[in-house]
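All chains are identified by letter, namely A, B, C and D, in their written order; residue positions are counted from 1 within each chain.
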Amino acid sequence: MNPKLTRRRFIKGVIASGAAAASSTLWYSASGADRPAGAVERLLSLNVNGQVRRVDVAPQETLAHTLRYKLGLTGTKLGCNRGECGACTVLADDVNIYACSTLTHEVKDRAVVTVEGLRAADGTLHPVQAAFIEELSPACGFCTAGQVMSAVALLKANPKPTREEARQAMSGNVCRCGAYDHYLNGVMRASGQLS
Amino acid sequence: MSSHDNMPEMSLYQPVRVEDAIGIASQFAERGWLVGGGQDTYGWLKDRAKTADALIDLKGIESMRGIKETADGIEIGALVTLTEITRNALIKERYSLLAQAAGRVASPQIRNVGTLAGNVSQDVRCWYYRRGLNCYRAGGNLCYADTPEGMNREHAIFNASRCVAVTPSDTGPALVALEAQMVIQNASGQRVVPAEEFFVGPNVDIRHTTVLRPGDILTAVRIPAKWANAQFYFEKVADRNVWDFALVSISAAMRVNNGVIEDSRIMVGAVQATPRRLTSVEQAIRGKPRNESTANGLGNLASSDANPLNYNHFKMPLMDNLVKRAVRGQA
Amino acid sequence: MDIIRYRHNVWGEEVIQGVSWDLLWVVAVTAFLLLAAHAIFMAALAKKKARPSSEGKRVNRHDAIDRAFHWIMAGSVLILIFTGISPIVGIRISWLNIHWIAGLTLTFVVIFHTIRALFWQDFKAMLLGPNDFKEPFDENIKPGKYSFEQKGMHWAMTVLVIAVIATGVTLFTHIDSPWWERPSVENEGTLGIFFLLHGTATLALIAFTAIHIYFALRPEKRFYTRSMVSGWISESEMKENHDPSKWKAE
Amino acid sequence: MTYMHIGKDFTPPDVEGKVTGAARYAEDFKKDGMVFARLLGSPIPAGRVVNIDASAALAIPGVLGIFTADDLPPAPPPANPALAKEWVTYIGQPILAVAAESDALAEEALSKIVVEYQRRPFVVDPLDTLTEGGPDPYPSGNTLIRNAGEAAAGTTASGTDVGRIKWSIDQVAAFRAGREPVDAQFGDEWSYGDVAARFAECSTIIEEPFVTIGQPHHSLESRTGMAYWENGKCYFHGSLQSHTVGHDALSAMLEIDPANLVFINENTGGGFGSKIFPYPMMAVTGKFARKLNRPVQLRITRAEEFYIGSARSGMQGWIKIGLKDDGRVGAVDVAIVNDAGSGGGGSASSSAEHISIMFQPEAMRFRGLAMYTNTTPRGAQRGPGQNEMAAVLAPMIDKAANLAGVDRVAMRRLNAPRMDGKIGGRQGGISSSYMPEAIDKAAQMFNWDQKKALPRQISATKVRGIGVGQGFHTAGANGYDGLIRIASDGTIYLHTGVGNLGTYSYAGVLRAAAETLQCSWDNCVVVHGHGDLNLPHSTYQGGSNTMFTETRSSHVAALDVIQKLKEIAASEFGGSADDYSIGGERVFLTSNESKGMSYGEAAQKAIEMGGKYSGMEYPDDIHRTTVRSVQAMQGTGLIGVAKDTLPRSGAVPGMAIAFVEIELDKETGKFDIVDYTAVAECGTVVHPKGLRQAMNGGGIWGFGMAAYERHVYDPQNGLPANVGLYQSKPPTYLDVPVQMNVAGNDMPDPQSPVGARGIGEARSGLCSCCTDECDCRCA
């Protein structure tokens, strides 16, 4: 994708959400005169996929919302928006979390990695991605980004997991198609234990 | 009926000191919402089944983190995540009961952010209540689950008082078994409440599951040395092995000397609104060998005074069986 | 401030849920202000009368069984009020069982009292007649066994207690008890109306109970309270406050 | 037979996008000026809308408009309306949509809309409405009646009506108690053979009641869609299992000429039968966009996906099975009452067909009823009818076999369909069956004989259960079009209108074309997923249909290409087309290989020759969708296009056999599935990894159906208890075996050019085979 286009779109997004912010600030000042001082600032510098990006974030905004609708990172899917499926799994400081059940402000000091941020600088796929292709792990693919992120988190913490360990670590990701066996094969392949 | 999906507009505070958090929480009172891991927060708010004006994110408070050894046991910061508990060497070595319980909560991602304080303070899972209906617990006049035709498979078999919801916490019963002390701070200072008294049933307070009140912050959990390295048994039976809340769980701690049970604490989760302590079982096994015959001798002592609803009779034998396992020490 | 609380029923329809408990504070404050005003008025303005002696011959005013009934009723009403408003004002006790046990006690005692009053007592002594209404305005008219105020209080309490009992028993049938399981609620609106009536009657009952207790404690009326404890008043107390021709005491 | 491509793994073109996040689903598309629409659902289980007051919502700045049932053609029962008005029939049923500049604003607007309803009596149990005096879910009745009527405009249900059938209290009581409801009225019946006479010959007869549950599809991608209008054309980003087969239906829903619809759907996040054809809500997305003259994204939340995303129909039934001395099934009598929810069809006849093919009874009677209830709409879900029957049947067949003293597997093998197998009331034939061989293969893989001898007791509390079950679904059709273009650079564009459900069969079927063309897969480009990419009319992707049906259309298109290649070569080098052969992406004179040309050269020649060679002319039997696509590509290469008119007869059975070993904890009722071994009897294996995906996925759906998932409705108020995903309990990693063991029987079907049949459906419900083994409470 053309980087300029992306940036322009981003700037447009910031302006649009800034306007929304202005209107909601008005609402707050009208209704919340006695609120304690010290509520969070809206403008954040978010470290996403190794890049620091300035983004306007509502106080109550979830990370999934920011990623998908403000930063255009639509690889992170919303399956349930309630922490019940795992499709929105991303990494925060190498730990896998549900982006739908995390406020963006909660990760303002953490390094967020999404499925779009896994490729090496030269464009090579992450070993988990390559292994998932090799094993034909995804079926419909809607849960795949989350599965990839949980596998990446697992292999960072435990580079040679047993199949049982992998199953436990991946267990917060539902696959409605039932491709669990294939994802586990992918994890075992990515960790060099299957060839 | 609209199906909501967006977080409602609200303000967010991220204090870094407990005192500041207490100040903000006191000012907002009922309209403030404390957030640890937030895993039992965002669903309520997205569904509009509960509302608040402000979120008070406690995660920046360093003093509420960490697991440290004290003169009498350990102190676990309220913000310690369930994953940290399952991996902590000290807890695994001395209080493996808690580590096991924490390891069976929800899913890995939820354990990665969910805190101990959040796990014990979470609200009940009754589906009628979660749907946002105006039941007793929501301040209404009736219970939809406790009726001849209500869908109450997951509900209480003991100590229901209008509301028949059960405690969903896996770590709660373990903490009561370990005689943990809950450290609570508010504007007027600090108080320490035994875990057993931390949880409250609907007979006393139908709107809340714990003694925590607006302005209170659970800052730490202390576990005394009393049950360190005791013999433990934990098991959670749920439909699915991930996400699902316990149908019945058991957390038991026993002091066994020469094969004889000198003292024990047997707790059951998900059978009533609070962790249920089985004092009758504790008495019955005192002085007896920890073995199959002691376990079988209990019969249905644990469930004998249960008052099941239409669809949850199965919890009675399930609970009796888990008690037997705990007493004999193996599945 | 609301008078009535509304809620959505299971299908999202707006139904009455009950009386607004904001009114509890209204009732409390109003009752307090009224009684305080009365106390001040009595202390400052009302002419002081010498109190009749409690010495001398004793006249039986209340039989032991009636005194027992009264105090059981009084006790249960106070318990009912306390247990009923505890959760509303945030006192955390396990109140519900005590509440319905006290409620049942009250119900049974009220039934016994009613039967006894109808067949064994001088029921007419409690009836309010046209003449009774002249009594407060004419110092020369003295009442029989019960004064106008006493009869008024009694009938007010009768109506309110019957109202709370009737609505309370209805509500009682909607919770688990040792004798039945909770039924399904067919119509949440109807249930809400029972809660509304129960709550409204309770608020009035609280007000009248406060007034009743206040007068029971007033110095010039305290001999009545004594009579509710020990059964008798003195002859001079009787003559001062009652017309012996209308009250043929034993 | 040795193939270049068939039976070999390949990397479908869309996999990389799925693992990198580049793959886009309907909700990932944005369009300048796009607005967000959200739905308001009914809070009541039955009734009608009296009034809608949206004035407060519309007064909010940024709220753009509402869309109600009045904006759509009427859809009287039993059609499932996109938006309800006169016939509100379940809690959560959409009443209106509201659009706003942001999603959050649309939500806020919803809370400001006041809808006045009038309630009607409701019912959530099919037997309650069947009982005389019981409430009816629709004002006009309680059951599906089939007639010859046309579908209501804007809906896909045709030939159905709402009727009323009632049973006496005694009949319902008997049915509930597991007895035959004597003289009861049914809505659907068939039979063959002399049932009474065959039962008389049976030495073992069992009679059992059964109940299966409804379960929501809960596709992980909800059916959010986005539409916009440009120059009179509607561009629609949707989520469907199928692609071009739904084109005309969607155009009809939008009331536009099919030529003016561009449907875009590269990836679909699951459908499981719930997205086979365009669903009613798509009309709202498209028409709302036109009404507002803005791009509209109609967002469907997880909860809404539960309500409108379809569900399996539950059934309650009674069955009588008779076995002869030799273990042959002599007769079967089955009666089924389906819970058809709101406007569903019920699948009882399919359930009965499952029995008829898997056990080939000598005589059989089926009676069925589809009762509506005030619950969510029901529709096809992975082997609809057959799989729940597989779950029901497994323990019953076991019981019968045990009573007759026959090995459970041997009994199944004995009765299994062979090449001359028959199916259903009409006792029609089947395309092929090597089911006995499949059973043997699976039994051997599972070590049935050895496992049978293992002790049941594993420990003091754990017991072992081993079981076997069979699945079936008709899996094939014919009559669809294939379309191939060879460009002058030699690239072979394989066009398909098959949807991308995640089975990879959209690409797998094109391997048959590559096989026929004897070309390298690297030179092939798969063209799919976008209405502007000139796609042919392809089959619906559902019911395991794709493999059989579309390998045929791929093959006929490739044959057309080859014929044209040869004719072009003949025009160049002389002789007749028959004198030419193909190989190595060349067409050449059979007698002199040097006289020939590459595919690319032939394509260039085709452009020059025009006519049928470059798509200027085309067969007159191809579908109008294909016609438009051919017309759009005229003169751009060698166009191969043909309709599949290859001979076909009988049903095309996708079948499977699965063995399961579980360890059941008798103290808790929990069990672990320690072995799952399944063999598909689905003809030639086209794509081994794809087959494994389909088989494993189906197995896991079976575990879900048998052990975890179910609809729960409160009969007091019509509320569903398990709307959310965690309450619906789809199986997780820790509820399924650590490893699954599947294979294909790999025996070619004579009616497919590559011998393939589909297998997406058949083989769920297999966990249930353990129920009788260990008395576990998993049903």
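Observations on the structure shown:
The rule we apply is simple: contacts are C-beta pairs under 8 Å (C-beta built on N, C-alpha and C of every residue); 3 or more make two chains touch, one makes a residue touch a chain.
None of these values were measured; they are calculated from a predicted model.
Where touching is counted per the definition, the chains common to chain A and chain D are B. In terms of C-beta pairs in contact, the better-connected of the chain pairs C-D and B-D is B-D. Each chain's centre was taken as the mean of its CA atoms, and the one lying most distant from chain D is C.
In whole angstrom, the spacing between the mean C-alpha positions of chain C and chain D is 71. Chain B and chain D, compared by their mean Cα positions, are separated by 43 Å.
Remark: chain A and chain C have CA centroids separated by 65 Å (rounded to whole angstrom). Distance between chain A and chain B, defined via averaged C-alpha coordinates, is recorded as 29 Å.
Counting partner chains per residue, chain C shows two or more touched chains at residues 10, 12, 184.
Looking at chain A, residues 81-82, 84, 168, 170-171 sit in touch with two or more other chains. Touching two or more other chains at once are residues 43, 301-302, 716-717, 719, 726, 731-734 of chain D. Every pair of chains meeting the contact definition is listed here: A-B, A-D, B-C, B-D, C-D. By the touch criterion given at the top, residues 10-13, 184 of chain C touch chain D in their complex.
The touching residues of chain B, when paired with chain C in their complex, are 1, 133-134, 139-144, 146-150, 160-162, 200-201, 203-206, 307. Chain B meets chain A in the complex at residues 5-15, 20, 23-24, 27-28, 35, 38-39, 42-43, 45-46, 53-55, 57, 59, 83, 106-110, 112-113, 241-243. Interface residues of chain C facing chain B in the complex, by the touch rule stated above, are 7-10, 12, 17-18, 87, 92-97, 174-176, 181-185, 188, 191-192, 195. Against chain D, the residues of chain B that register as touching in their complex are 1-6, 9, 48, 127-128, 131, 144, 147, 149-151, 235, 237, 239-244, 292, 314, 318, 321-322, 324-325, 331.
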